[in-house]
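One structure is given below, represented as structure tokens, and several questions about it will come after.
In this document, chain identifiers A, B, C and D correspond to the written order of the chains, with residue numbering beginning at 1 in each.
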């Protein structure tokens, strides 16, 4: 605990220390990054201590603010969430030093808010007082807002920042109501005093789902993600998409613990929202050409998978079948960490691409594998992992969710289970499509424009974090059984029972061990085959030639399949949802001068729901401006009318 | 000990006999077409010939291209480890093993696709695009069918499921099983690039799906791809065969019966290929969705 | 005693109608002066107790201020601004008188509805006070010439003042004088402003004084 | 001592008119402010004894608002120095300014001769003095006189820039507020009438006396009285739809005057309403007032939302935000319970924040020479510190943690829910959200982006320190509420029937 508090203090100190360094970006980066790393190391130390000892630690100090008390507790769940948060914060900070290197504009503010973000995320995870929690929560949002808008000279970035700020703030309003209801019912804002007043548990759950779901990015509250993540600098996107949105998941988990025994329909709602987010997220991802926008939509998808896991867990808890509950929650929590790892890595990779090729438009890239092999390799690993392919970490967590739903199939809520499985399968297939596109078009083939041609692997401080995360993808995949078997203390408060959890975990650990074995066989066979191929080819001549293009004499890079054309069959298939707009310039005449195809996919929910609402308010208010028409007579009339109305209202 | 031995022997047979399925299919088609046709062992000859050749790689390609065949084969290999011989257990079987199988096949596809994209060829890109498209639709069908099976067989491990598929299960849930058979058949055809989804023997790249992705591979690489395809066909066909298999308690007879059914199915595929025409590409998704519908119907029946 | 008082109260209706009816500012100011004078007398006749020095002082101050100074002040402003007439008000003069009659009826009706605590019969003073308040509001809302609005304000204020006076509410002298002083300063400042307005816009038509709006 | 607090400003005000030397007068401004500040600070240590036969006394509520007033006045006084220097320069380089602002319709802003400095400083002091009287008066009549006096003292301040718009603003301010105050006078009379039944002819409108025997008063008259006082002082306080003068006055007056108007004057009017509520609560009519306060409060927030959205003038934006926050105060008092505490606490936070924002707005105006939002771009590049303060102020005024406004607004929400006013709480929250969105749109557009020239301009520390200090105080209140202040707030809340 003390270590975690120390970490938060270190973050704060580093942030303040970076603030005055407006003149020299270099020192600001140095101070800020060092602070982030040191703090993260401290915090991870503390978290690990708690996970190993299994004993929750807490401090409770008075805080001279109405309703507030400085009450923090680090239990297994908090520690479990702290690990990815702090880890990614540190790695992204190291990456950021290289990424921001050579900017002439002051970085003091950036590093200040970066460290504030780190501190506030940690505080959110350990806070156990309503006021403290919301304060940390809002500070987190504001800090990340400023991080997103660092390049505010671009209109796109400003709009993104606005969308994000508005979304997160309105979402928080629901949390206000939730905490106030809980606080008034229990007479204290401390979590341990909380108890849902009779009959309101459902309302509280819905409030939590909306409030935290907005941050997590559940459809249809996800609209800020695809705007904000591309706008932010890549290491910030990595932190936001990798871990900050997970605080939303944490909030839901924490509320499940606080609210106690859930009703079955909560699980149903969670699974349904999870399925919707997962499928829609990956669908929209498929239709994007901006690499980071694509990744942002994949965050929506993965949040969907996590939410499915949570939903199954809740269903299991509600129908007291610990197996379903344990596996569901385990899958959700493990996927939280996994997604942090590979999504962080993917964003860092995208950052390196942007750094090297100065564009993120997939259509303009290509052939980067030869020019930046390390980025390519790490990106490939992450891509395979996010598609949930064995033997990497993504499969481990999805496997848990599968297992949970498989054991639920024979239960009373089989519908949800089957839906989850089908959805997972479809998501897996579409994700594979999406990442073969993202990786294949960006890194393979030949450069489509000169922008990618001069690319090269980034500097050391950017390479180290990528390699670390890639290694983590493999390691977590290989050690998944151990990790899962160690998760019992985390799952106990969620499932309400220890014995059931242990039983379920032992069951699954065996399967996962087999999965790992399968993974090893895979690698072994692959290596064997490779060696065999080498032996075969050693004595023979191995030719080099151009790609066989079915007899066409002069293939050029521009003839390669493009991202749009790659995704076109699928996007056409889902056109009813995606509403992709095409600008086709068909070849005309016998000797067509040129032809082109542009596709653009807006977010159906932004365009269909949110924009109309906001515009509606705008128009309505604009129509009311005559109220302040400037005529003093009118104003005096207001006074008279008010007086008369009040007199009649209250006295007559 | 003997069981382990038997399992190993069966697996060896799997590895050995997989290409033969292709031979049988081709032979059937030839016979139907009234041709004499290639020898039934032709696939083996092809593999041998390819393994004997050198290799030519495109300048565009990277190690990803070289990884493709190797990784694909390895993944399919692991998947085939999980495929049971009807009632007789597979070498690897654990709770939820069919998920690993499905995802190993997914991995194989993933590697093939990126290898294809690595060439930068428009045709291979096209094939890759179609491949991921159709498989994304086939995946849920496969898994739903397997869940329905799991529900009927009362287990979540393939070997146990198929061991539990005794005739009286058929008696009890015949309709559901029939639907599953139909769904799986479609999945098998789609996943293995057979007519009516894809025509492995066409000579027009524009119409190909799977074959066009491997245009640039040659020599040992192509041998691995070919063998991998055969093994994949076996693996998926085994899921189908296990369903329509009488269970006598006796290992040898069951094994024999299994092999019989496998090749019978190969003939069936051959018949389908020689009697049906390839669907237009736009029709394929509809067929896959139809299969998915069958699978859903099956599970609804199974949940009843 | 009270009969005197009632008579004065009734007289206090007249100026209101004059202001409502006439377009000539001069007339309005005259009416204003009359009203101020009557109000000065009011405390003297209203009190049951013999006239105290306090009441005398109060009466004197009222007459001096409301009866003399303020009208003169406004007249000066009027000359400075060179306005003689209210142009076309939002409600015509005839209509305004009708409004006034309605207001009178209304205020009598209201006064019957709320008898003073302690007494049962409706108080005339309440009615008259309300009537003047109504008139004040009417002038404020319907008249465009800034000067007329000041007059309206004064009528409104006097209505309230009548209320206080006639009920012989013993506000401490200091407060009473404070109130008078405030009113005086207020009108003084308004007069200055009218002067500035007439200089800045060369009109004092407050209806056209509406650049500040949404 | 209380007398000292009252008299200091008046004396210095008179002095300001007599002094000829500019430097001395400016010194006097800061000096007088500091003396007043010191006296009030002393009042926290030893509560001053009632003066003038108990007409003047400092209870918790009075002390609270008096402290806000003097604090803001000191800040404004310091800021005024830089403001006056600047406006001198403004005239010497007026040509340059024309060139600067020739783009926008407000070009004529600085080209008017300002009122003489003596008037500004003198009226500032009178303004302070009258407000001090309001805070200290325990007699409704005196309170009324003082409130009306604040109007008269501040009207010349609004008309400091001698040009058409500020004249119009001052005229509307004077007329509308005078009418409102007149109604408040009637309210006072009605209270006196309500006392009649109790043989209270002899009873002056003295708070203690009123509260002591409130139970006996005739309730219908009390109710009517409250309505008149609410409308009357509400006009001054800026509750919609009586707020109409407020945006004009705030946008046209010099920034530190706007700061005082919004941060101090509105509170004083609020105090008038609170006094009335005190009596009604004593008479057991607290319930009756709640509905009125909540209704007007919500209406004010709605009005503010309407006009903040797509607001084209950033000073008007701040003014409407004041309307919003006055509404919040009314709601807080209306819902009662801890809501009352929250409202008083929010009064403190709002005054500090809003004053800070107006001072910052003054800096922006000084550089860009326009109040038009669309013309202000790339603030964070031209005036880094000012921009930082501007954004901080924005987050503070919209109730984002870790600022005091957050805790006070949260407390009011808790009050609403605790008292069972769920719907009020939800409406309140919805309006807050709406206003946040509207304000964010405008404020961010100003702070971000790039303008035609991006080199950062000089920022004199005299114009930076006062708002910075105020902002720091709000921040402090957000993370630490001092015991002394908490006690005073609780005491005041108890006075006006909260808790």
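Quick note on the criterion: a contact is a pair of C-beta atoms (placed from the backbone, for glycine too) under 8 Å apart; a residue touches a chain by one contact, two chains touch by 3 or more.
If you're wondering where the values come from, they're calculated on a predicted model, not measured in any experiment.
Participant: What is the touch distance from subunit A to subunit D, in steps?
Facilitator: The least step count works out to 1.
Participant: From the centre of subunit D, which other chain's Cα mean sits the farthest off?
Facilitator: Ranked by distance of C-alpha centres from subunit D, the top chain is B.
Participant: From the Cα centroids, identify the chain that ends up most central relative to all protein Cα atoms.
Facilitator: Answer by centroid distance: A.
Participant: Go through A-B and C-D and name the pair with more C-beta contacts between its chains.
Facilitator: Pair with the higher count of C-beta contacts: A-B.
Participant: Could you state the distance in Å from the CA-based centre of subunit A to that of subunit B?
Facilitator: 36
Participant: List the centre-to-centre spacing of subunit B and subunit D in whole Å, with centres computed as mean CA coordinates.
Facilitator: Here the centre of subunit D sits 78 Å away from the centre of subunit B.
Participant: Please tell me the distance, in whole Å, between the geometric centres of subunit C and subunit D computed from their C-alpha atoms.
Facilitator: Measuring from centre to centre gives 31 Å for this pair.
Participant: Roughly how far is subunit A from subunit C, going centre to centre by Cα mean, in whole Å?
Facilitator: So the centroids are 70 Å from each other.
Participant: Going by the contact rule already set, what residues in subunit A reach two or more other chains?
Facilitator: 625, 627-628, 632, 636
Participant: So which bits of subunit C are touching at least two other chains?
Facilitator: 140, 149, 206, 209-212, 214
Participant: On subunit D, where are the residues touching two or more other chains?
Facilitator: Where subunit D meets two or more other chains at a single residue, that happens at 171-172, 175, 179, 183, 220, 224, 247, 307.
Participant: Go through the chains and record each pair that touches.
Facilitator: A-B, A-C, A-D, C-D
Participant: Residues of subunit D touching subunit A in their complex?
Facilitator: Interface residues on subunit D, with respect to subunit A: 171-172, 175-176, 179-180, 183, 220, 223-224, 227-228, 230-231, 235, 241-242, 244-245, 247, 288, 291-292, 303, 305-307, 309-310, 338, 341-342, 345, 380, 384, 395, 400-402, 406-408, 410-411, 413-414, 417-418, 425-426, 429-430, 432-434, 436-437, 440-441, 444-445, 448-450, 478-483, 486.
Participant: Write out the stretch or stretches of subunit A touching subunit B in their complex.
Facilitator: Going by the criterion above, the answer is residues 366-367, 369-370, 373, 376, 380, 384, 387-390, 395, 399, 402-403, 406-407, 409-410, 414, 418, 421-422, 424-426, 428-430, 432-433, 436-437, 439-441, 444-446, 507-508, 510-511, 514-515, 517-518, 521-523, 525-526, 529-530, 532-533, 536-537, 540-550, 555, 557, 559-561, 565-570, 573.
Participant: In their complex, what parts of subunit A are in touch with subunit D?
Facilitator: 22, 64-68, 131, 134-136, 138-139, 142, 149, 152-153, 155, 158, 161-162, 165-166, 169-170, 173, 176-177, 180-181, 183-184, 614, 617-618, 621-622, 624-625, 627-628, 632, 634-636, 638-639, 641-643, 646-647, 650-651
Participant: Tell me, which parts of subunit C touch subunit A in their complex?
Facilitator: These residues of subunit C touch subunit A: 90, 137, 140-142, 144, 149, 206-207, 209-214.
Participant: Please name which positions on subunit A make contact with subunit C in the complex.
Facilitator: 625, 627-633, 636-637, 640
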